[in-house]
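The two complexes that follow have chain A in common; it is paired with chain B in the first and with chain C in the second.
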Partner chain A sequence: MVMAEPRKNPPLALRSLVVPAIFIGPAALALVLLMAVPIADAVILSFQNWNGMKPPTWAGFGNYIRLTQDATFFRAIWQTAYFTICTAILQTIIPLLIASLLNSGIRGSSIYRTLYFMPVIISLAISGLLWAMLFEPNFGPINTVLRAVHLGAFTQLWLASSATVMPSVIIVSVWQSLGFYLVIFFAALQAVPQELYEAAKIDGANAWHRFFNVTVPTIRPVIVIVIVLNTINGIKVFDQIWVMTAGGPDYASATLGTYLYSIAFGAMGASNSRLGYAAAIAIVILLLSLVVSMIQIRLGRGRDIDSQIEK
Partner chain B sequence: MSSSAAMPSTRRSSVRFASTAWQLAFTRALIHVILILIAIVEAFPLVWMILTSLKDTHEIFNTVLPTHIRWDNFPRVWFAMNFPLHLANSLYVTGLTVALVVGLATPAAYAFARYRFPGREVVFYAFIGVMMIPPQAILIPMFQFLKSLHMLNSLTGLALSFVGGGTAFAVFLMRTFFLSLPRELGDAALIDGCDDFQVFWHVYLPLARPGIAAVVIIQSLYTWNEFMFSSTFLISPDIKTVQSAVFQAVGQYATDYSALCSGLIIALIPVILVYLVLQRQFISGLTAGALKG
Partner chain C sequence: MKTLLTTMAAAAIALVAIPAQADTVLHVMSWQPAYVDSTDYWKKTIDGFEAENPGVKVESNFIAFAQYLPALTAMIASDTLPDVFNGGTKTGELGRSGHLVNFKDVFDDKFFAQFFKGPLRQYTFDGKPYGLPDMAQDFGIFTNDRIMKEVGLSAPQTWDELIADVPKFKAKGYIPLAWGNLTRNTCPDFFLPLIAQYGGDVYALDDHTAPGLSWDSKPVIDALALLERLQKAGVFPDGINGIDDSQAQQLAYQGKAAMLFGGSWNPGIFAQNGSKDWLDNYSVHKVPAQTPTSIHYAGDGAGEAWSVNADSPNKDLALKFIAYIYRPDVYNWRAKGLQSFPSMQSAVDQIDNPKVKTMISWIATDSADHILFGPGSWDAVSNVCQSALDGSITPEDGAKKIEADVMTARSSN
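Up next is the complex of A and B:
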């Protein structure tokens, strides 16, 4: 092999910046152009009035003040919170319980997991379209089945009634995400040392006690992650609701995501699309997401400290 | 454990059932019953969709099973909804997005993992910060941005709109992966006379394949399934991706559920096929992405 000629390196300090800059530069540029600039634009736009055609005019805090007087906005906030809290609870408890059943040493657990995971890979839009058919009140299969088994009294208007639309939307979310959170919990459960269960058994703990006193405390960090993931997804919820109800009937399933969308793009062609106002809602969603993410980081740090103390 | 001999009864066997082999078998059976019921609930919508897609339009609402299996709903919808075009559109957007994200994120993730340089923490936290931005927050500005570039209603423009968030996430995921690779490999290659870029290209990139694979899977699935940006930024019917095209077709088919279900199935087939082939990588990639992200 030919000896490499001694390379003429620039001074170390400079060199230590140049190489990383070459590696990171393109990605950083993409992030600035495609995320940082749009976010800055959104913030600026939230202080403007703009219909997308004429040049925007400054509005000061006008959009935000109008938000505080907008009953539909508060309804959307309430429904976003409702969706987020319900899904965060149900989509933590149900997958955790089922994962525990799968982890009880029964046969075929991988078959069940594969099956349960199927809905996860389906897009939110497609599952929304599918469930819109399932929920159809007159000839949709859910009501048809209920009538067939003489439970006609339990038939609902589902998506078409303001009383049942939110629970219906939540059912779809639980159905679709079950396999995802279940797989996360299952992996965590597999890592729980078997001796802990045996010790608990010897102490006479029944299945419930073992679940609450061994399983839950041991995998608590994963439970926290799942709750946070659910919360972040809940704040952003849009696709499935937009596809199924577009926020209706009469805003009964409007969330921050669908309300923003219907203001900015829902009235396409109509002259009064209020982009500044929609941007203000976007900023609210952004801030809520950031707060939850901060909490997540905090919790993550706390966890690291915990595990260090235990050692 | 022997099945014939009765299990030694527990010390406190007073009122409590002794845990016998019978009881164990009963518990197992009960667990299977619960799991099968859940499987039925999870599968019902998909089975119903498949059955409906095979029905004659007249019997959609009358029967559970199709009396005559009608395969012709598929070609009918395939051509009426112009699926070849939309599948090609989705494929293009997905391919371009994944290529851009992997191309941008891999070197950046590598540099964050390998080099110490002034400002590294700040820049990295900026990347993480970007990851937390919900898509709604950039929806309107991105619309205007693409419009100003004359890239609204363009598949390339749509792919660009995904690159920012995708890159931030991929950097985060792959940095952890690069951190798990031994430093010494690169140091040895440096001593042998490789420069920094050769070390990256010849030493670490081949080792990073599993990390890249995870990013490719997550990003492909996300891009293929994305709905909000694609139905907003793509306007003319011919340019729509599968998701936005199917959504747009709903009104037109109203209660023609056979057609709609066939359409949904066609839209799902690519993802399902990839899932069945790459099942393990899919499940581990997606959950790893969630846990780290």
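Up next is the complex of A and C:
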């Protein structure tokens, strides 16, 4: 009688790889197809000249060299940084302060939260159009009110002036996002143990001291997340600015996103698409985002080490 | 019994699964908001074609103008152009690169003779018409005659007269001439005919192949200088680069502007959106000229022109569709419905609006190019135009920048 050879199971190490692969595989495949392949395609395109109609021609580093000579590109980098830094600061500090105020037991807190959150549910494009009407220099409500209260000297061209266009779009961004970050901060503040505040009070800490020495350190991870979200949103800002100013006047509100778009698709009536050059800009944005993310990750690690040391 | 029921069910499923008839779908795309199934004359047009061509279904796709050219660019790059579409300012490049049907190969001279010359010329490149104008357009100045009477003025015949009149308008609190340039589209419409007023040939500039001809030539510098002079004199609204066309129209509707610069399609918009004061009091006039006796140049062209995808598997059917929609009886439905400047001469009597009729009458004497098709031309001109209105560039530097930007765009294609 011949004994059947016992069925050999795969080694444990191999088996331990199969299940994760089954779970990770589809997502990884989707990432490769939807992210890695287009990125690789964009990298190749950035070394070509292509208007979409005729076959692309090899340009080598021509597009990147041209970028170094493109004053508008550098202006767009500066304005993107300006927008990102301003919104990251304002959209962190203002919601945090208001959330703290609402968390202090002020009457009608839920009504205020609802009111502050309402702009969040309006699409960026629609809010952009609404604010463009408010900012209209001749009959827009903002200048009209200023004139009505004898503050005509403070009227501005708002979106039409290179001096006021960026502050104007930053105001809109802060208005639009205030409720979103406020809700995040409010939820975080609710989780801060009241005992900490009571202990601080016993130690003689006033409201500011309690805010800076209790609230801020306790919700620091949330503050970091809000700053990171604001930074990412700042670097990729496009729709709100495009609707309000199309990057104008004279590129005064052009960011990397709007400049890339105008190069790829032209201005509103454009006859010329420079897809290779636009791809080169996209790659630069990718690299910039990568650098900013790496810095943030590094800072995050530093915080972890600090917290370990404190423990 | 069970077997019988199963067989019947399978047969029923099979019957449902087999299409009644394999329809050929003709994809038609434009930015004209009226060309959708809910518009009676467009539906009549489509129904008529489908009735004449059994088994054919026409799918009308509308994309708003602001998104149209980006969408078209994406379609070009991904090789997914529809069968029949408006090529806009990409028509020349698309045609020259072999993506569009040259209508000269399809239609005879009698067919082309139906169109006004200017709009057809605009879509003809190297002698090949790659687009057929749908509605034509020219530009003028719409005045609020109640305000003009109050100020004691009539529509200005020359630019100098307009500049001299500015203090009178301002003294009464009125903006002399409203238009908006937020989207950078309107300034070229205003500016390019000025080049013609100074003796320039915008078609030749756009083509940019004639020896010695360039955008930094004298007519362009002179036109930019006039634009700068008008802006500095306070002819236009404050912050013109920050307001769009609809906001400029509001200035006119609300009686804050004495005049409005606009196109021959505007009376149709006024009829829908205009205030009673505006509708009761507005009239249309040619844009001012250099001297009382010189040509005004009102612009002359077509924003929308139908093109046929040369690579379409439905090319023959698409050409049949084109022949059908330009049949005078069928074209008249659109002309009557839109009440805009028709591109076909035979449809002029379909226009009831007296203002549009007046503007149509200018095409014989005041035609000038106002849309650019050459690589980089439109962007270069619209950007410098915005800078000129902003006061951030001199006319000489502006002209040089247009030339440099056009050359850069051409070298990188």
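In the analysis below, the second predicted complex is superposed on the first by the 253 of 311 C-alpha atoms of A that agree within 3 Å, B and C clash if a C-alpha of one lies under 4 Å from a C-alpha of the other, contacts with A are read in each partner's own complex, and residues count from 1 in each chain.
As a working rule, a contact is a pair of C-beta atoms (placed from the backbone, for glycine too) under 8 Å apart; a residue touches a chain by one contact, two chains touch by 3 or more.
Everything numeric in this text was worked out from a predicted model, so none of it was measured.
*Asks:* Should the pairing of chain B and chain C on chain A count as a clash or a fit in the superposition?
*Replies:* Clash - chain B and chain C, as placed by superposing on chain A, overlap.
*Asks:* Just chain B (first), just chain C (second), both, or neither: which does A:Trp158 touch?
*Replies:* second
*Asks:* Based on the superposed arrangement, let me know which partner A:Gln190 touches: chain B (first), chain C (second), both, or neither?
*Replies:* neither
*Asks:* Figure out whether A:Phe265 sits in contact with chain B (first) or chain C (second), or with both, or with neither.
*Replies:* Touch partners of A:Phe265: chain B and chain C.
*Asks:* Contact-wise, after the overlay, does A:Ala246 reach chain B, chain C, both or neither (first, second, both, neither)?
*Replies:* Touch partner of A:Ala246: chain C, not chain B.
*Asks:* Which partner reaches more residues of chain A, chain B or chain C?
*Replies:* B
*Asks:* Taking the superposition as given, does A:Met133 touch the first partner, chain B, the second, chain C, both, or neither?
*Replies:* both
*Asks:* Thinking of the overlay built on chain A, is A:Lys54 touched by chain B (first), by chain C (second), by both, or by neither?
*Replies:* second
*Asks:* Mind working out whether A:Leu275 is in touch with chain B, chain C, both or neither, as first, second, both or neither?
*Replies:* After superposing on A, A:Leu275 lies in contact with both chain B and chain C.
*Asks:* Enumerate the residues of chain A that count as touching chain B in its complex and touching chain C in the other.
*Replies:* 52, 132-133, 139, 261, 264-265, 275
*Asks:* Which stretch or stretches of chain A touch chain C in the complex?
*Replies:* Going through chain A, the ones touching chain C are 49-54, 59, 62-63, 66, 132-133, 135-139, 157-162, 165, 245-246, 248-251, 261-262, 264-277.
*Asks:* Using the touch rule from the top, collect the residues of chain C that touch chain A in their complex.
*Replies:* Chain C reaches chain A through residues 65-66, 69-70, 73, 76-77, 88-90, 92-94, 97, 99, 175, 182-185, 188, 237-244, 247, 250-251, 254, 256, 371-379, 382-383, 386-387, 389-390, 392-393, 409, 412-413.
*Asks:* Within their complex, state which residues of chain A touch chain B.
*Replies:* Against chain B, chain A makes touches at 3-4, 7, 16-17, 19-20, 22-24, 26-28, 30-31, 33-39, 41-42, 45, 52, 98, 101-102, 104, 106, 108, 112-127, 129-134, 139, 141, 144, 175, 178-180, 183-184, 187, 204, 222, 225, 229, 235-236, 238-239, 242-243, 256-257, 260-261, 264-265, 275, 278-279, 282-283, 285-286, 289-290, 293.
*Asks:* Can you name the residues of chain B that touch chain A in the complex?
*Replies:* 10-12, 28, 31-32, 34-35, 38-39, 41-43, 45-46, 48-49, 52, 60-61, 100, 103-105, 107-108, 110-112, 115-118, 120, 123, 126-127, 130, 132-142, 144-145, 160-161, 163-165, 167-168, 171, 193, 195-196, 200, 221, 224-228, 232, 243, 246-247, 250, 255, 257, 260-261, 264, 267-268, 271-272, 275, 279, 282-283, 286-287, 290-291
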